[in-house]
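Here it is: the structure, laid out below.
Every chain is named by a letter (A, B, C, D, E and F) in the order it is written, and numbering of its residues begins at 1.
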Amino acid sequence: MLTEFDTSLPSVRQVQNLIKETSQVEVKLSTGDVISGKILWQDLQCMLVQDSSGQKVTIWKQAIAYIKPLG
Amino acid sequence: MLTEFDTSLPSVRQVQNLIKETSQVEVKLSTGDVISGKILWQDLQCMLVQDSSGQKVTIWKQAIAYIKPLG
Amino acid sequence: MLTEFDTSLPSVRQVQNLIKETSQVEVKLSTGDVISGKILWQDLQCMLVQDSSGQKVTIWKQAIAYIKPLG
Amino acid sequence: MLTEFDTSLPSVRQVQNLIKETSQVEVKLSTGDVISGKILWQDLQCMLVQDSSGQKVTIWKQAIAYIKPLG
Amino acid sequence: MLTEFDTSLPSVRQVQNLIKETSQVEVKLSTGDVISGKILWQDLQCMLVQDSSGQKVTIWKQAIAYIKPLG
Amino acid sequence: MLTEFDTSLPSVRQVQNLIKETSQVEVKLSTGDVISGKILWQDLQCMLVQDSSGQKVTIWKQAIAYIKPLG
């Protein structure tokens, strides 16, 4: 569990790369919801994902089960 | 995970903006519940959302999966 | 997430007010259970709610999704 | 959330009283399970409950939704 | 919640005893899964359980609801 | 719960061994999902698993219930 945002962590840098490359991803949440789109930014607490309809969803990291590349 | 309320965090400021602009949002919880309305305030632990009927719901942040703008 | 009981937090004070005013509330838990009644006390870890039949339920705060005023 | 076992906390003392008085309780867990019996001991991490058949169940506190007196 | 592995804690010692005595246990997880077998070791983060077919399951402690003796 | 990545922990070293030996594993998540494949790396927050189709899934450790060897 992260209590501060360590940008040298591989998993934090991986998300930074997904942001830079505007990759399409699928985020599976603890609720069972799947949010698909590109990640616009992340911080210690959240991740902002924009879906194909342009809607922006602020995902709480505490709810993430996994992230995988789309398609 | 936040252990103190850092108001310089992008995700904390984003919620502050939603409060200022009295934006309508949809908050999805780990229980599957969706609370819709405008956010009145937040602190480290909670967020107060007032729905269209005027009822005020104190949401525990630990239960938030995502927040998105309504409509 | 609170790691100490900060009584100056708005959400902690809000619960203190619900206690003082013996307000009827509805507490939704992560299990899906809804506990209705008045809050007798809270500490960092728990909240004691007395329902209409007089039964006292010690709710673990970690399980709270939301609290709202009843009726 | 407790990170150390503070025996002066009301909710910790309440459980200590339930232990002393060998009260019958019902413990509801995040899995939906209900464990009924008397509490034999607690520490920061767990609670040991002995049910009516004499079986001892070590409950992880992280999984507790609520505790209430039985019957 | 434990943030360091305190081997003097009753619940940690109890698991150590289950290991020494190669007791058969049933571990109930937050997913609803029940893992049955004997515990081979534990650390702060995990517990290794070997089931009757010899398969070794590394259980994340964060997912444990309860442990009870089998049969 | 780990708040820093202690590579001397048995459970951390176990995952390191699974990585070195490119073992096939099954990871069960709190959502009920099972991710099967080999682990490519881990850090404090995540674990990257590549499944048989070559797809890479970044699993949040907070969501792991258990890991077991496949087949």
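Everything that follows uses one rule, which is that contacts are C-beta pairs under 8 Å (C-beta built on N, C-alpha and C of every residue); 3 or more make two chains touch, one makes a residue touch a chain.
From a predicted model like this one, the values you see are computed outputs, not experimental measurements.
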So if I look at the partners of chain B and the partners of chain C, which chains show up in both lists? none
Same or different: at the chain A/chain F interface, is the fraction of residue numbers used by both copies above or below half? different
Going by average Cα coordinates, which chain is farthest removed from chain E? B
Rounded to the nearest Å, the gap between Cα centres of chain C and chain F is 37
Centre-to-centre distance between chain B and chain A (centres being mean Cα positions), rounded to whole Å: 19
Residue list for chain C, restricted to those that touch at least two other chains: 1-3, 29-30, 61-62
Linking chains that touch, what shape results: line, ring, star, complete or other? ring
Enumerate the ring members one after another: first chain A, then chain B, then the rest in ring order. A, B, C, D, E, F
Sort out for me which residues of chain F touch chain A in the complex. 1-3, 29-31, 33, 35, 41, 43-46, 48, 55-63
The answer for chain C against chain B in the complex is residues 1-3, 6, 9-12, 14, 28-30, 32, 61-62, 64-69
